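Two complexes, one shared chain (chain A), two partners (chain B, chain C).
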Partner chain A sequence: MPSIEPAHPSWLLSVVSIFRKDWQSELRTRYAISALAMFVITTISVILFSLGSEGAPPAALSGMLWVVIFFAAMSGLSRTFVAEEERGTAMTLQLMASPSAVLLGKLLFNLVLVMALNSVTVVLYGALISGFVIRTYSIFLVTIALGSVGLAAASTIIAAIIARANTKGTLYPVLSFPILLPLLLTVINATRLASEGALFEEAYGEFQVLISYIAVVIATSYMLFDYVWKD
Partner chain B sequence: MVLKLFLGIWICAVIVLGLSLPMVAQPQHWYELPIVPGLEDKARIVFFHVPTAWLSVIAFVSSMIYGIRYLRGRQPEDDIKSASAAGLGFLFCVLATATGAIWAKVSWGTYWNWDPRQTSIFVLLLIYGAYFALRSSIEVEEKRAALAAVYSIIAAVTMPFFMFIMPRILASLHPEPILNVQGKIQMNTTMLLVFLSSLAGFTGLYYWMWNLHVRAQGVELHRIQS
Partner chain C sequence: MNIQLEASGIKKVFNRRVIFRNISFSLRERNTLLITGRNGSGKSTLIKIISSVLSPTAGSIRIVSNDMPARPQAYAQLTGLVSPYLQMYDEFSAREMLSLALAIRGMRASGTIIVDLLRRVSLEDRCDDPVRTYSSGMKQRVKYAFALIHRPPVLLLDEPMANLDAEGVAIVQDIMEEQRREGILIVATNDLRDIRTYDLQIDLNAIH
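Showing the complex of A and B:
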């Protein structure tokens, strides 16, 4: 059984320092940030070119927003764990910090990355794609926030799994898609509601699904991470 | 040997009975099956399609349970059991998808229309596919077994969300498998008996195939070790 550490000051400190370590090495190379940004720009321009002068129904556009976010996330979020394996620093990290601190630190890093990615994507998507109109901003903002947390939670544990495999790049979306599909279907539905101008109360069901999804995925990741991380 | 023979006869009997018993509007005799309005002879698929769908879920759950057992005990045998169950589950999942699609063509006019049932079996297919893609890309046995087990657990805890999500998005045209919405059994005794025998026969077939595969893999494991 995984050992459950108390919220000891040193445990919290190692969570924060793992987050800061990843953040600093990210700022040094800007690998994930530039890959994500270019991915978003490329995908949105492909959508723009393929739509041409013709619009698309709002339901299709709110779905496509999440297609952009999903594939952009798949191109950058595995970095935190894959980089440790490639640099050969995974061993050191295993010795230095408890598994749960590693998981939480990496989860925080991915969460910040997804939040940044989503804000950029939403602004660009809204500005460039004229047919995409949001009528209920409260639903949209809560959906983006909960969707980001869920996306970060599921993709962090899958990233930890694929970091140990041989074909990392192609395996990542393959493994993540079935896990993320409940989340994607729910956020697409909620975004459609927001673009149709539904009342905030009408999206309660979606929010309940999202919150329970986040809770289930984070709890499962926490319990299983020991088996993924330790050799 | 006796059990194998018995299983063969049992399955043959189920197939013959399921296909040959007459379907009438008002069953008078024990050998007559009731007509399901709108389905008629197409309803006979229930004897073969539902067991395959049932087994693809049972295999998935048992693969996960053996995965948990592997994580707790680290016995290579548990990983073999888990992987064998997943392999058979994939086979039955393909069969359920194919038979379902053929039936959908006959009764809905299209092979595929993203009915909630079709979507969930499709997701199950994707999970099986991802599971084997993961297994084939890890060379170290212990690591492969542990990561595959972890993945099947994560997949299993996120699957139930579809039960809440799908009805919010799409309405289903799929007939209720055994019980209808009111909780009443639509089948008469004979039909239910043939259906349950088929379920039992297919489950026995699954167990036999699984056991065979596990033993063959176990022999392989001992040969490598010695």
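Showing the complex of A and C:
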């Protein structure tokens, strides 16, 4: 006799299934991956050509790394919600899952995408931009990890907000910039410390700001998402 | 399952225009509600509110399952919806779509439940093809399988016969008969050939 198990539905299974659905869908359609990859390659090429053989100070190079990551993220991370609205599947998802499961599933997907984006960007940037040297790897790795979580968290809720607007493409970076500014300033500063060879302890302040930023954004997203997602 | 659906004082306003107001009804298992009204009268809006994908401007919907009020998070398990504006993830096959529908609801399928349902809606031959390659009638059948896969006690059908051929109409009539026997059936249509018997009718033309 066929049956459905478990009797009490699992919220965690719901979250993981939304992540898997988005991931399988992305592998078949390649909307976000293509946009992110093209943006990273073209932007790093432009930086490479404009710097030529002159180079730039470490602080400027740290800033430019995060400019590449920010704009690449803006070109791809909104897809997770925008695609649901454009294809008319948002209601299908609403019928299946609770808002909190949707938020966390989408956040997980964007986090994996940002982690992949940042890994590729850092490797390409480090290999092609000759003046960019990291002296304290521990600071750099923690900064990339916390920066990725912060970027994914903020981008996910902003994508949910702008998904129903008519001018999604323009609105996304415009709305994201003020929300992401504290994050960007902090990660740029932490990356500069890593490239200058600062001690790990010297970056504690930056890490505290990043952790607080992530906590505030995730808590706010959780509280707001019901209203954003439903009507 | 003992199930009850109660709507109390439902009102919906879009851009200052009142679509409908003061809609109240109560349904139990083996009850059928028919919603009628001209185009733009709010049939689909009322169906969306009952299925909890749209919030009413005023009033509330309550589902009572086994004498316990269901939490809003549980509505995904208790309701199934078929409507023209419901879209499937068309890069997936019908089989994947049904498996996904269960997993996202936090449920796991065992046995042959997915295959049996695909057979019931006559899609077993094409069940591994992507939904985007289906005709509009086949997509409508996928929507029925999607709405029924978790065996919801409340089934909502908006324009139930849209895009269906004679075989599809017979399948849907059979699904409606079964739902009428075991749960709550809510149908929004203007074609009274779609539904033979019902217990309660809401005519939205008469409500402003």
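Annotations
Here, the second predicted complex is superposed on the first by the 222 of 231 C-alpha atoms of A that agree within 3 Å, B and C clash if a C-alpha of one lies under 4 Å from a C-alpha of the other, contacts with A are read in each partner's own complex, and residues count from 1 in each chain.
Please note the rule applied: a residue touches a chain if its C-beta (ideal position, glycine included) is under 8 Å from a C-beta of that chain, and two chains touch if they have at least 3 such contacts.
Everything numeric in this text was worked out from a predicted model, so none of it was measured.
Using the contact criterion defined above for the overlaid structures, shared-chain residue A:Y213 touches chain B, although it does not reach chain C.
By the touch criterion defined above, A:V228 lies against chain B but remains apart from chain C after alignment on the C-alpha atoms of chain A.
Contacts of A:R28 after superposition: chain C is touched, whereas chain B is not reached.
Touch criterion met: A:S17 reaches chain C, while chain B stays clear of it. In the superposition on chain A, contact of A:T89 is made with chain C only, not with chain B.
Chain A residues 231 lie at the interface with chain B in one structure and with chain C in the other.
Touching chain B in their complex are the following residues of chain A: 154, 157-158, 161-162, 164-167, 171, 174-175, 177-179, 181-182, 185-186, 189, 205-206, 209, 212-213, 216-217, 220-221, 224, 227-228, 231. Of all the residues in chain A, the ones that touch chain C in their complex are 1-6, 9-14, 17-18, 20-21, 24-25, 28-29, 87-89, 91-98, 100-101, 230-231.
Those residues of chain B that touch chain A in the shared complex are 71, 123, 126-127, 129-130, 133-134, 137-139, 143, 146-147, 149-151, 153-155, 157-158, 161-162, 164-165, 168-169. Considering their complex, residues 48, 51, 53-55, 73-74, 76-77, 79, 81, 85-92, 100-113, 116, 146, 150-151 of chain C touch chain A.
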